[in-house]
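Each chain gets a letter, A, B, C and D, in the order it is written, and its residues are counted from 1.
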Amino acid sequence: MRNKYPIGILGATGMVGQRYIQLLEDHPWFEVAWLAASDRSSGKPYGEAAKWRLDTPLPERIAKMTVSPADPDGAPKIIFSSIDAPIARDLEPKFADAGCAVLSNSSAFRMTPNVPLVIPEVNAEHLHLIEEQPSRKASGGYMVTNPNCSTIGLVMALKPLEERFGIEKIFVTTMQAVSGAGYPGVASMDILDNVVPYIGSEEEKMEAETLKLLGKLEGHGVTPLAAGITAHCNRVPVIDGHTECVSIQFKRKATAEEILAAWDEYKPLAGKDLPFAPKQPVQFSALPDRPQPRLDRNREKGMAVTVGRLRPCNLLDWKFVLLSHNTVRGAAGATILNAELLASLGKLETLAAAHA
Amino acid sequence: MRNKYPIGILGATGMVGQRYIQLLEDHPWFEVAWLAASDRSSGKPYGEAAKWRLDTPLPERIAKMTVSPADPDGAPKIIFSSIDAPIARDLEPKFADAGCAVLSNSSAFRMTPNVPLVIPEVNAEHLHLIEEQPSRKASGGYMVTNPNCSTIGLVMALKPLEERFGIEKIFVTTMQAVSGAGYPGVASMDILDNVVPYIGSEEEKMEAETLKLLGKLEGHGVTPLAAGITAHCNRVPVIDGHTECVSIQFKRKATAEEILAAWDEYKPLAGKDLPFAPKQPVQFSALPDRPQPRLDRNREKGMAVTVGRLRPCNLLDWKFVLLSHNTVRGAAGATILNAELLASLGKLETLAAAHA
Amino acid sequence: MRNKYPIGILGATGMVGQRYIQLLEDHPWFEVAWLAASDRSSGKPYGEAAKWRLDTPLPERIAKMTVSPADPDGAPKIIFSSIDAPIARDLEPKFADAGCAVLSNSSAFRMTPNVPLVIPEVNAEHLHLIEEQPSRKASGGYMVTNPNCSTIGLVMALKPLEERFGIEKIFVTTMQAVSGAGYPGVASMDILDNVVPYIGSEEEKMEAETLKLLGKLEGHGVTPLAAGITAHCNRVPVIDGHTECVSIQFKRKATAEEILAAWDEYKPLAGKDLPFAPKQPVQFSALPDRPQPRLDRNREKGMAVTVGRLRPCNLLDWKFVLLSHNTVRGAAGATILNAELLASLGKLETLAAAHA
Amino acid sequence: MRNKYPIGILGATGMVGQRYIQLLEDHPWFEVAWLAASDRSSGKPYGEAAKWRLDTPLPERIAKMTVSPADPDGAPKIIFSSIDAPIARDLEPKFADAGCAVLSNSSAFRMTPNVPLVIPEVNAEHLHLIEEQPSRKASGGYMVTNPNCSTIGLVMALKPLEERFGIEKIFVTTMQAVSGAGYPGVASMDILDNVVPYIGSEEEKMEAETLKLLGKLEGHGVTPLAAGITAHCNRVPVIDGHTECVSIQFKRKATAEEILAAWDEYKPLAGKDLPFAPKQPVQFSALPDRPQPRLDRNREKGMAVTVGRLRPCNLLDWKFVLLSHNTVRGAAGATILNAELLASLGKLETLAAAHA
């Protein structure tokens, strides 16, 4: 048995940081080796620095680890990062320059031309952009990002349709869980018996990221998909799980059967044996009132996207509903699956060796 | 001072029935005189038959009234009805045939050609359809309906835009309160920490009713508006207040200022002195995260619609959010305002006289 | 008509500060004249400094008022204060020394021997403690406090029983609304689908304040009631309204009828014509599942306490449930009613004159 | 490997019935072999008859099973029952008379003298009462019950304290999840932004069952514990997990350390290797604001009880908070653990043989 890759976590006390820790417990390839957070937390035992909000116990070993300063010195060579964009903009390149593979859930560099924005099932080939990053040559380090929590479910449901029918127009309205805003995040006074029809910058992120993810790697960058997209983003009183209502127009007409088949047969990671890859990434529920966040968010340990209510649209071609777990598939699990893909491609080996 | 019109309520124990009672308490023109409900309730004091779910006390006088059987015999000549469509289909014509003005919140006859579907601010002229009803000639009785709770807010926000710019396409996603499903209605197991992306027949109702309401009275019926419309309807954990995300395309281009002016200047009932008519039917909130159901549903005693977040749409022309109180503006208040309009048009006088 | 008393609000942007503004709009005796908040807000228009969270619109006049620094200079002579205890400890005496009547919702001085902790219906006579305060002689200024939001409902329900039967033991478990923690206060991640069985210092406050409120004014202070009391305090997913389960033991046995009569006949402010005094301060609901926060919190504009489920207790004498609106009766309304009582006693006249 | 015991489920479509199915999937000893529900469901495939409300998928095999009529004919010899008391009163003895071991979650026979009410960790010896049942001699069949969902967590926390210190008085206030009321159960209109301080018969059940569970097997029945107990029961907006505030008085004084030790060392099933037995049945959380339902209900797959906030009580000796998963530990898991205990005692062998 080979040794596990040691993983460092930037933003370890946040909601996504906690999910990294939860999901990496018992991971066959990776092991949490280093935790960093804000200066306020630095130097404290993690169990004291973090207000653990997940429904599985904080592992004892992690509780006792001392939170490190957010500095590459002494950090392992693989970094999972989930920190606020303004801080990420400064910190993540430092780690890449120091020779780390920085796998980031932050929005800071998602739209940067030479930084791949990747969902393994969707656009693994975009990872070649790593080689466009100056740090890669200098130190071996690089940055890879995963999408916003509301984007990822949408793109996973769209990709198999784009491949077969071509996408021209996308309407999407989201109903997003409060965990997407971190902790303390959304005030209870704002969301009990309420809906907040606004999430700062979310619509812009969804629109831009979706087209980059569905775009083509060409030359030194990605040409975004030439499709129209508009997003309406809302916060609702749900703990985990983003629900999205989608209307879509194709280039070529498609029947309901063809769409269902496209989703059903979409298994691009089959045979790769990535531990976090869902067997059936897009799962159709035939029940008339599904998917629902409380009932469907944990399918395939939260890594699958559930779709339902496929029906004709009066304005575009088809309407449907999708659901994905925003802090698993939409954040921590996305980073982990990116790391697994990079490991399977040999892009972590030398880094890990360097650390050992 | 003239005497108040005596009002009978069909479906008095339901959620909308309770709202009728609450809103008619101290109404200057109308007075609850008769309450009918299912056979199970008939003969009991209302206070015992109904499980009062509103946050103002059940008036003593009403609590003591005996629930009558749902029969025109002994009923007053003005009937507010909010009963299930299958029962309404049978009962409401009986009351009209018996000479009653039946003002209904039920969906049974909304799309019937000779039955007006009316929002006073939007299409008062459709009331002429009353004269097309055979019962009108025979007994003086007639039926008038108000729209579905999710339709009414949408149409009120659209009407001033349709008048000035012409509407071509409407995309709408709703996030609807649980009170819209009546009592007991939505099970708590279905909605706590959850969203249900399905409400039976709701999308079809919204699409059809919107076009009839915005249509033209021509010959013996209404020619629906020739626009495209698609609705996605969802249930969310909110007590009262439907929130709707709208994208819209006009025939003539409009600026944001022109749209805001259209809403601001839309006061079609000004000067009519109808007690339930909101002074400003469509109210724009400039705050970036509004409207919100908990904060905005009670504007103008729940009779105003709040709009916000007007911004360009990548696919159609504009996007915005709207909110209306589903059991006040969207149900009981809608019936009452229809009745006030009919009274101001002299369509209730003879009926009331007949009763006296 | 006499002029209204000008009122200054310390902590005007907080949840209780907002309630002061809402409740004083159209108050017949008082008028908001001055708003102060933290340095961060000072100098800004109130409409910009505050995130208004109430379901009635922020009055235009107030929105335009400039937030003042929290300094007695330029402030009116009547101050309503709802600020954090550590800040109150410093600021409130400054205002009293400057000749202000400081009516405070803060916990800082509630248990101070020469500061009255008052509920007008319960212990108006404790106001004599004002004369024990050095500032009273020096500048005319003084401090009066109202109880914690969880205490006030309990004490109002207990006082008529203490008068007639004597109280020996009190068990109380609270289920408290999130608005009691201010804004942003309780994180939605902490309370959706959850209960938090802990509120810092709340149990200690309830226990101590209850005995002082039910105590006797003797010599230069209050001798607390000699009764045993234990409190269990919890936070639940409710916006407004604290529900409390109470078991109680009396000195003299009482029948259910006697208890109901004690509550029913308890109208100590009758005839005083205080605008915020509820006509029936303690209201019994005979329905088996009441009181409930959503349905009962707004009785008498939120100033009444509702009790229900009176039944024998296996351990003490009787059990019952009570409910009160925590930010109205339990906070802002409590301060206002204290001010009204002081005005009716002539304790605000000279102050107001001084200001004029 | 021995064959699994075939299990029949009475009330299979209800919330607890669904939990039986979920928890028995992959159970090493038991296998669902027969499903019965009301006449309305009988004859349908289970997947159609039941509205599955759990967050794991309904197993395919179960979805296809045909729902049987609730009749012993053709049923297996081990029956898990969770049906309404009035129906249970009639049905359960029929199955016992037909030679079945009826393990029931229903309240119908819990207080019947010759029916054991059992929590394996608490009073396994009460199972001897089986032999007092006439059916046992006649057909081999018998009835065993598990407690009400609110009782079980309380008794598990109390038992180790009763053993060491003796219990004199118990004061308990519950905040119970909606799943305890089944499906559709609590209406969303009743519980969003609300608390319902009443659950029919719940207080009486808790009080009586607790004393029987902590009582002594003597002669032909159980002498209940001679302690005082009073319960206040409330429904709160939580999906799963009952939270309880407890004050307790002992016969012998105990220190906090002694109480913690009693809980910590309480492992009465250690060594028995029952698959559903939690390793640490009562788990103390030292965090100041725990236990909380969302965070702690799933400890040890929902079979452990979490306690916290141990502190002195002003009236009795100690106060603490406890939490248990009401449909796992408090219902379906309780029945399963009772069945495991019976299997380990050889009380299911002959029955299973009879069936084979």
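Convention: contacts are C-beta pairs under 8 Å (C-beta built on N, C-alpha and C of every residue); 3 or more make two chains touch, one makes a residue touch a chain.
Chain identities (UniProt): A, B, C, D = Aspartate-semialdehyde dehydrogenase.
Since we're looking at a predicted model, the values are computed, not measured.
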A-D or A-B, whichever has more C-beta pairs in contact: A-B
Identity of the chain that, by mean CA position, is farthest from chain C: A
Centroid spacing, where centroids are CA-atom means, of chain B and chain D in whole angstrom: 47
Between chain A and chain D, centroid-to-centroid distance (C-alpha), Å: 40
Length of the line joining the C-alpha centres of chain A and chain B, rounded to whole Å: 43
Chain C residues counted as touching two or more neighbouring chains: 53, 190, 192-193, 237-239, 294-295
Touch list for chain C against partner chain D, complex: 169, 171, 173, 175, 190, 192-198, 207, 228-230, 232, 234, 236-239, 243, 245, 247, 288-295, 308-309, 313-316, 319, 321
Parts of chain B lying in touch with chain C, wherever the complex brings them together: 53-57, 192-193, 239, 294-299
Touch list for chain B against partner chain D, complex: 15, 53, 178-179, 183-193, 237-239
